[in-house]
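Here's a structure for you.
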């Protein structure tokens, strides 16, 4: 469990997440990809905090901020999905284009 | 930081679980399974954080993600056709590009991890991660803390406005009948004055 | 041997019984509910013995077979005043309610100790639609939503949502006639979105429920008011038991049943009413909604109408009732909660009337004429569409308040004449 | 050490839960279709039960996600509460006020009712 | 080796406590008007034997791995919960520095397990039960967290052993009078017991369990009583002073307090009607959540 191995795992998560976010047609699945990327980011942040940052509290705070971003992204994303679905009866990412008027 | 062989073994198991279930998210037909695979990935990462002595963050990850993925599953099932994946399906676009992008991201980040020298400064002995976080939040990073509160309030209001039936974007009210039978409350149908400004009081009993 | 040791232990468990009620089957239910050593379960998956009580008409045999086949092995069937279906020659039949519990316990013990084999399946082992080897992947499905994967089509969007305008899939199924939380015999085709009922179409009415013999007698000659009123109170108390069980207050429901069993003119309802109020039945349980409009309430008659404030009660026409100071109790609102307040008030009224009638020298009714049964004015021919009001009432309601509404209505039209095949059955106590 | 024992507890309990189901599931053949049909009191379904289920409380779940985030801050805050004294009280006051505003607003919008 | 001894004690407590719940529930049912069901001490065992011998039901196209995993998962969550409970200052399986947070996470994961149990059967009634439970599960979790943060304030630590130690002078049940009642309601929700039984309710013919029979159902029921036991352990630790008490040894005190909480829960489960889901959600958010704010402010002012 070295910093390098931790970062590699984080990189793998980010890579898979990026693949998911780019490839999925459905908006909800796209959000899952984003979440997975943020998962990797959090792991990296904690790894730095524990092994390279000498326990500086900012490291933990960063993780919390990422988690908050995730929560906000999810809440707003789903609210958007509901709003879009109300008008279009579909949740595909393509449908989001129509919101832009 | 010296770690025992045993902790190393557990770390690798967890890392494999995190990556594998993260991969399965996009390879399963059932939306519920996809959500909970993602949850498994989060839990594995949370457990790794615990191994790294991030006692609070690892567990906070658990309760945050359990709730978020539960909600994720609800919404997945709500809005996706064929939510249980009874018929196998592939709903991807720009597949090749995505694989390349994902692989590239991994390669670049992995190279960074391998070749950049990071300082080796382990946790000081006797650090209480929770208390240090609390002190930080009530001390230097007060602003972050407070603005987070405001942002979250804005989020709450935003989601209510957007998702609630009476919300600002609730344009698809046409076609829905006012129920009239709703237990003891105001009919949930379209009401012109019901929007945000607050003239109307919806009682929940 | 380990298994036989486990089996002997299992034989001593309280017997989980799934009661499947046919016409007149409820007379087995009440003694069973009060009997020890037997637990009443709501799903056949949780049962060791299927109790078929009462006559099941031929057109419901298919449904009966379906429920029968849904019990996991090992299980047995017991037929109470009912003819076992062909194919179940080994099944046991019992006609005496007094031995019902013993028979159930004996069946369970025989099953567990290996003296009796499990009941055979009645329906062919076939999927609802053929699927194996069909379709894109050999599982019956085609494309994203098509085909019959694993034997059934997928739920699809059938109609707009009735409440909030998000149109998602609707789930259509037929419920009953043996769903334990509906009146026996009532079957309906239901469409749900989420847990909100979108449409409700009755498919078969509830079986007529046998009223106490005294109501039949009262059609022909004067009968003691005390007896009539006690029978009425008993009917309402049993009704209360069913609703309380649904609401999760089975203990109080059993108290109501016990009260019904030991009813005398000196009985009173105060204790039960106090406990109901204290438990929060009127405040906590899902009693909101289910308000009948005036026209429907009038058509249903009886307590349902009076709970909606409609002054209709044939007893007002009876001079002797008037002498006892009878005036119909009236409620307000006509919703589920009002109906239960009404029923409790009418039970109290009946008990008071019975007491006064005894004091007046066992007063009788004036004579044949208009008769108010517990479920409304006497009708020569039971109205077949008593459940018809559900189709307008239930859409838009949530599952639990819909069931609570059904439980508060007397949908089984009371027939004073005993049901077919039950001509000589007396009320078991 | 604590994590190790917790892991042991997790594995033992999970293993026991699965082991109790295991032999019965191996021994028993797949039941027939007539048994496997979903129980509907003698009725039959038109389709599989899995569908795009219309959750009636979806605005509440979104509210919860935002709300839960605040809980993230509450735990570390609680640990240093006594140490920080009055300042922590003010923090708490602000936080609870924000949360209450959110809840009251949501309540007035009918979020907690079935949509 | 205290931790391993505590682990033995924990599993023993799960088994004995679960059995005690089953017996107590029957005795209370008898007192509340149910007919005599035979020997209350033997009946839970006999019932278990019957369930073990019954065939496990399978539906037409269930999500089988998830369906079998859900009960085991719920059981594992219960065991983890009880593992956090200190039996004495040293006798504890895992006195995690953030034990309180872990308990909150277990509650959140329990919702997942129960939902999965209802979802996997692919049957209409079970599905409704699962979804309905989620409405409740996502509502009570906040109440639970606030109430538990209330007990953390005087302890200045998220460790359960510290929470107990901080109650040396006065138990939290007195110090924060709103805490225990609110937490008991959470417990009813967590174990979908009695009035908050939205998952396996009567109107759904058993809800998430309506299609389950045989050994999986046995595990499900064991898990449910185990969760009751775990919850009572946490409640006794957080509010009733855990191992604290004169004369008797600590573990015994804790066991007695747990028993008291279990009896209270079993009794509540039998005397209250089931709440409508919509009303549950409104109750949790509009009544109980503000009450838990009050509890937290009370606890905060008291701790200063």
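Just so it is clear, A, B, C, D and E label the chains in written order, and each chain counts residues from 1 on its own.
Just so we're on the same page, contacts are C-beta pairs under 8 Å (C-beta built on N, C-alpha and C of every residue); 3 or more make two chains touch, one makes a residue touch a chain.
Only a predicted model underlies this, so the values are computations on that prediction, with no experimental measurement involved.
Chemist: Using the touch definition from the top, list the chains contacting both subunit B and subunit C.
Modeler: Common contact partners of subunit B and subunit C, which must touch each of the two, are A, D, E.
Chemist: For which chain is the distance between its Cα centroid and the global protein Cα centroid smallest?
Modeler: Nearest to the common C-alpha centre lies chain D.
Chemist: What chain lies farthest away from subunit C once each centre is taken as the mean of the Cα atoms?
Modeler: Centroid comparison gives A as the farthest chain from subunit C.
Chemist: CA centre of subunit A versus CA centre of subunit B: separation in Å?
Modeler: Subunit A and subunit B have C-alpha centres separated by 7 Å.
Chemist: From the C-alpha centre of subunit B to that of subunit E, how far is it in Å?
Modeler: The mean C-alpha positions of subunit B and subunit E differ by 26 Å.
Chemist: How big is the gap, in whole Å, between where the Cα atoms of subunit A centre and where those of subunit D centre?
Modeler: Distance between chain centres: 21 Å.
Chemist: Measuring centre to centre with CA averages, how many angstrom lie between subunit B and subunit D?
Modeler: 13
Chemist: Can you list the subunit E residues in contact with two or more other chains?
Modeler: As it turns out, subunit E has residues touching two or more other chains at 52, 55-57, 60-61, 96, 98, 101, 104, 119, 122, 124, 131, 134, 138, 141, 158, 205, 210-211, 214, 276-279, 282, 286.
Chemist: For subunit A, what residues touch not just one other chain but two or more?
Modeler: Correct list: 64, 67-68, 71-72, 74-75, 78-79, 82, 85-86.
Chemist: Multi-chain contacts in subunit B: which residues touch at least two other chains?
Modeler: Residues 51, 56, 60, 63-64, 67-68, 70-71, 74-75, 78-81, 84, 86, 129-130, 133, 135, 137, 148, 152, 155-156, 159, 161, 163, 165, 167, 170, 172, 182-183, 188, 204-205.
Chemist: What's the complete list of touching chain pairs for this entry?
Modeler: Pairwise, the chains that meet the contact rule are A-B, A-C, A-D, B-C, B-D, B-E, C-D, C-E, D-E.
Chemist: Under the stated contact criterion, what part of subunit C meets subunit E in this complex?
Modeler: Touch list, subunit C to subunit E: 3, 6-7, 9-14, 16, 33-37, 39, 41-43, 45-46, 48, 72-74, 112, 127-128, 149-152, 171, 173, 179-181, 192, 194-195, 244-252, 254-255, 258, 279-281, 284-286, 288, 398-401, 403-404.
Chemist: Show which residues of subunit A lie in contact with subunit D when the two form their complex.
Modeler: 64, 67-68, 71-72, 74-75, 78-79, 82
Chemist: Subunit E touches which residues of subunit D in the complex?
Modeler: Subunit D reaches subunit E through residues 1-3, 5-6, 8-10, 12-14, 16-18, 20-21, 24-25, 28, 30-31, 33, 35-41, 45, 48-50, 53, 55-57, 60-61, 64, 67-68, 71, 74-75, 78-83, 85-86, 88-89, 92, 96, 99-100, 103, 106-107, 112-114.
Chemist: For the complex, which residues does subunit A have touching subunit B?
Modeler: 1, 3-20, 22-26, 28-29, 31-33, 35-36, 39, 42-43, 46-55, 57-58, 60-61, 63-65, 67-68, 70-72, 74-76, 78-83, 85-87, 91
Chemist: Within the complex, which stretch of subunit E touches subunit C?
Modeler: Going by the criterion above, the answer is residues 29, 32-39, 42-43, 45-47, 49-50, 52-57, 60-61, 124, 128, 131-132, 194-195, 197, 201-206, 209-214, 217, 270-279.
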